[in-house]
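Below, chain A partners chain B and then partners chain C, in two separate complexes.
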Partner chain A sequence: MKTILTDFLRKALTSGSVTSVMVPSRGPESSFPWTLVTDVSALSQAEPVPPVMSIQGAKALASFTQSETEGKLLAVMRPCEARAAVELSKLKQVSLQNIIFLTMDCPGAVPLMEYRRDNDMETDITTPDTLRPLCRQCTEFTSTGDLCLAMHGGLNSVLPLTPEGQILLDSLGIKPESDTSAWKEWTASLRSEREAISVESTKSLKDAYSGLEGLIEVFSGCISCRSCRTVCPICYCRLCFIDMKDRRSPASEYLERSRSSGSARLMPDTLLFHIGRMAHMSLSCVSCGMCEDACPSDIPVGRLVSMVSAGTTAVFDYRAGSDPEDPLPLNTFRMEELHEYED
Partner chain B sequence: MRTGVFVCGCGPNIADKIDIEKIADDVSDIESVVLSETHGLLCSPDGKKYLENRIKENDLERVVIAACSPREHEVTFMKVCESAGLNPFMMQMANIREQVAWVTPDGESATRKALKLVRGAINRTTRHIPLEKTSIVCNPEVAVLGGGVAGMSAALLLADADRRITIIERDSSLGGNPENEELALRLSEAVKERTEITVITGLEPEEIVGFFGNFIIKLGEDADDLHAGSIILATGCSVDSDGRAIPADGFTKMAEMLRISTDRDGFPNREHGSLAPVSTPIDGIYVAGCAGGLCTLNDTVSRSEAVAGTILSSLIPGREVETEPRTSVISETLCRGCRTCLEVCGYGAISFNEETLVCIVNSILCKGCGNCAAACPSGAIKAQHFTPDQIRYQMAGLLR
Partner chain C sequence: MNTKTRVLVSASSHQDTLKDALAALIEKGDIDAVFALGETKQKGRYCYSLITDPSLVRKTLPFHPVMPVQGARALSDMTITRSFDRPVAALLRPCEIRAFVENVKQSQGSLENIFIISCTCPGVIPASELHREDRSDVLANRTENIRKACRVCTEFIPGQQADMTVLIASDEPNDSTVIYLNTERSVEIASKLESPSLKTAPPLPELTSGILESRSKSLKDMIREIPAPEDGLQSLVSLFSACIGCRGCREACPLCSCILCDYETARTQHSPELIRTESKRKGSVRVPSGTIQFQLGRLMHISPVCTACGQCSDVCPADIPVADIFIRAAYLVQQSLDYTPGRDTDDTPPMATYIEKELLDITD
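== the complex of A and B ==
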């Protein structure tokens, strides 16, 4: 996979069809920083699909593309990263103009913690137990962006998914494999396997943590490090609502609360933070699992947000990251909608 | 902080249902409250005088009035505060009539609920910040959209009164589709001779923002924005395949831009059929000639005279209009430039600065509706006088 993708990038850059390439590269101490490559020789360090996700690609992309980029940029990303970029474009944090996304049959990623203990770990789609929990249940593991490298069902070919993708393939003189039926069968079968895992995981989460009591329990281990927020590609506010000065209560309020029941919890907003994040993020959540991978307290925060997201996006018949033209549900006004929630 | 609480009986309207003495008594021990009393009818001339004196005598810094809906008398009591020398935004009303007395059947629960609302209002005022009203001088210039007989005759009348007028005609020359070509020609010759009248041809408004006294008409990237105090719609009409008169092509878009409502046929509604036949419901926007529906040449000219007369008697040079002080402000530090606010602003008051990548509110155009503050995903927008802090304190007082 690495070789095919890197060769493709090399070809695209050499031909002049794209001005730059965005790809993770091998850094010191088995790290994989995102790099913007303009010189073909630098691609020798490229690691298009590293075993871990240390920084969400969309976050890296948003760090420099709020305004239109100069020349065509080919970005190699996992499907969830490309989808997050689409969501960010709707929030005007990424300008999709001039960006071509190349994704792949994503092998998933291994948990960061485990990778730190064992740098030889590789991602392997055939051993799901080694993958991050959200990768195990991911159903959107392929066919995202403008181009997608299909590597299963006997295929080894970059397939075009959009006219822009087709134009790039044409300009490189690459003919994609025309018979994709076996690969489609493979994707369908993996998708249904993963759907079953997802249903099972949702059920066990609901069983274990239901209602307000359940939420309090599951987040009781939260150390308020806010890492989940920091690594989330969609969380893009400069100052989080939870940190706003307006929300701070004076001592008198704590004393009053304490007097009424004997003691008052300090920094009482752990649950508000997580529920707030679910409310703010759930419509755009791409289930990339960054939050859960970053959590030092082993809270299944990614699976929880993802579960909530499945519910809220269904209400609006919305799929985060699938269509750049599909407006964000909360920014859309329709005269007639959601009658089932009236009264 | 010196807070005065006034509980109004509203004649029998509130007093019959709610125990107003009990409310005045119950809130009197709140730390900031130095005065809490009842009154039979605060909005009466006597009541207003009484209120003014009490504010002055007691050096009140905050005033809470438990009475009717602010829609009814907020402006009344703000004026009283002003004449008593208190910033009107230091006053807060608790609506214990529409929200309590008229809807809560049981007197005891009504009194309990009213008390909560009053406590909320008192707590809210501790976070109030004085806001200053500003006024801006009206622009006496007039923009005429459409250079047909209607537009030209109105422009000529206004020019006679030394007003500066700009006619915007989307065709390449003046004239429109006149019933009488000779008259149209004569008028356009007359227009050309007047230095007071500027004619812009070949352009259409792309966006119109603002209000009476200060409209901004954007004519696209290549033309300067046009500023005017009033706008005359003289866009004419056409006839559809069934022989019915319909507004000129593109009028619907313009009506949307101006936020004026239209009738079944798409013509603009008038403020009043017989009393204000050439005024639209939006202050400062008038309808001349067939833009208001098919009419004869005589009618066209008399409508134009009516429009010119209305403008000359209202858009007086030097007249000032007050701007809304309760506007939204965007924190440049917090704004992420997502432009969600631009989509929800109904007044064209927000723009995006391409250099700093943040949005900015034009405080003259902002009407303080709060749509943007509610929609901002980053919490970067604050609706003044409805800040999270103020609402939180109101809630805290109410729920205590």
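== the complex of A and C ==
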């Protein structure tokens, strides 16, 4: 997978069909930082599908594409990263103009901390039980973006998914495999396998933490480090609502809060923060699992947000990241909707 | 010279002694609330709470060897707009007191009406160890398992802000609980308690010199291991290469109190145009940019006041030894500025003090 993708990038860059490439590269200390590459020789360090997701690709992309890029940029990303980029374009944080997304049959990623503590972990991951919990239940593991490297069902071919993808393949003189039936069978079968895991995981989460009491319990270990928010590709606000100065209370109010139930937990407003974050980003959540990877308290925050997201997106019949033209539900006014949620 | 200090002695454990005393003080109306650690509904997860119900005070875990949130951060959050108008007892570790004193100097909190109970600190266990199945073993063998920042901590005796100091870390094991009464108000509070007896004891440094010696040695060893300026920028680049930009180190730091960090502003963030230009010039650049800029910037802002609590390393999901770097830098910076953070609210912070002739030895 690494060789095919890197060769593809090399070819695209050398031919001049694209002027830059965004790809993870091998850094010091077993790290895989994202790199924006213009010199083909730098691709010798490329690791297009590293064992870990150190920074969500869409977040890396948003750092330099708020304005339109000059010349074509080819971004190699996991499907969830490309989908987050689509959501960020709707939120005006990424300009999709001139960006071509190349994804792959994603093998998933291993938990960051486990990898950091055990560098011997296979780079070519990944048996299902070493994957991050959200990767294990991911059903959107392929066929995203403009091009997708299909590696299963006897295929070994970059397939075009959009006209832009087709144009790039044509300019490189690459003929994609035409018989994709076995690969499609593989995707369908893995998808149904993953769906079953997802149902099971959602059920066990709901059983373990139902209702407000359950939420209080599951977030009881939260230390308010806000890493879930910072690493989330969708949480892009420079200053989050929870950190606003006017939300501060005088000490006497903390005493009041404490008197009402005998004790007040600190830092305050843990649930307000997590529920607020879910309210703000769950419609655009791509279930990438970055929040869960970054949590130093080992809270299944990614699985929880992803579960909530499945519910909220169903209400609006919306699929995060699937079509750049689909408007964000919260930006769309409809006179008649959601009557079933009225009193 | 008085070489003996007034102490309370109790036959029960320090946790029971403190819980009983604090619950009794709330019941009698001498204090309104207690700021203390407790376990949450989930095993192995802890939090600070502000407790007004005496029966809940009895469920706390005073000086349990964990630090889920730096205590100063929680106290600052409560007292930043207005100080407590009623007396509150706060159980704090020495590094938490020092950090809070720095908060107060920077107008980020108020010590008013806070009665501080501290301890000679044996250190705390890293959070990641507490999430493991075998956490009871980890807690049982605590001296081997404490944070690296704790192993090199030489400031484990609280300063003058502590009204009471519980002798926990000491060279010789103690059969009874000994609580030092450092201030007049602590003597007054102690006189209201029934059971424990008032005695005198040798000053704390005499009972902990062995710990100080071994920690000082560990500190020197650690400082030698950390990249030095002469190792060049590349050593820092390597060290922080795995940084995922989660900013957990900054959020968990009790001294990083800005509402909006300098490194989240448009002023310091690199423009898309600059990043693309640099990529063309160098052939390849890391994105997002600014990893080292953020770390160096935070080091610059925090090292004069860092109290070496180790929270930054504890929260790092990429297992980067952030605190080691900060402890080393803070050690050198504070030495050259002749500043001890947290010593006294009247010491002016070096960055807020203009001295016409200073640091001549490090200018060109």
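Operating definition for what follows: the second predicted complex is superposed on the first by the 330 of 343 C-alpha atoms of A that agree within 3 Å, B and C clash if a C-alpha of one lies under 4 Å from a C-alpha of the other, contacts with A are read in each partner's own complex, and residues count from 1 in each chain.
Heads up, the rule we're going with is that contacts are C-beta pairs under 8 Å (C-beta built on N, C-alpha and C of every residue); 3 or more make two chains touch, one makes a residue touch a chain.
Please read these numbers as outputs of a predicted model, since none were measured by experiment.
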item	value
Clash or fit, chain B versus chain C on superposed chain A	fit
First (chain B), second (chain C), both or neither touched by A:Leu91	first
Which superposed partner A:Gln66 touches (first chain B, second chain C, both, neither)	both
First (chain B), second (chain C), both or neither touched by A:Asn331	first
Chain A-centred angle between chain C and chain B, computed on Cα centres after superposition, in steps of 10 °	90
Which of chain B and chain C A:Met113 touches, first, second, both or neither	second
Contact breadth on chain A, by residue count: chain C or chain B	C
Partner chain in contact with A:His280 - chain B first, chain C second, else both or neither	first
First, second, both or neither for A:Leu239, with chain B first and chain C second	both
Which superposed partner A:Ser54 touches (first chain B, second chain C, both, neither)	second
Nearest-approach distance, in Å, of chain C Cα atoms to those of chain B in the combined model	7
Interface residues of chain A shared between complexes with chain B and chain C	66-67, 238-239
Interface residues, chain C side, partner chain A - complex	32-33, 35, 40-42, 44-53, 55-56, 68-69, 73-74, 77-86, 88, 110, 127-128, 131, 237-239, 241-242, 244-248, 251-252, 259-260, 264-265, 270, 272-273, 275-276, 279-280, 282-289, 291, 314-319
Chain A - residues contacting chain B, complex	66-67, 91-93, 236-239, 241, 244, 246-247, 253, 280, 330-331
Chain B to chain A touching residues, read off their complex	333-340, 343-344, 357, 375, 377-380, 387-389, 392, 396
Sites on chain A touched by chain C in the complex	20, 22, 25, 27-31, 33-39, 41-42, 45, 54-55, 59-61, 63-67, 69-70, 112-113, 116-117, 216-218, 220-221, 223-227, 230-231, 238-239, 243, 245, 248-252, 254-255, 257-259, 262-268, 293-298
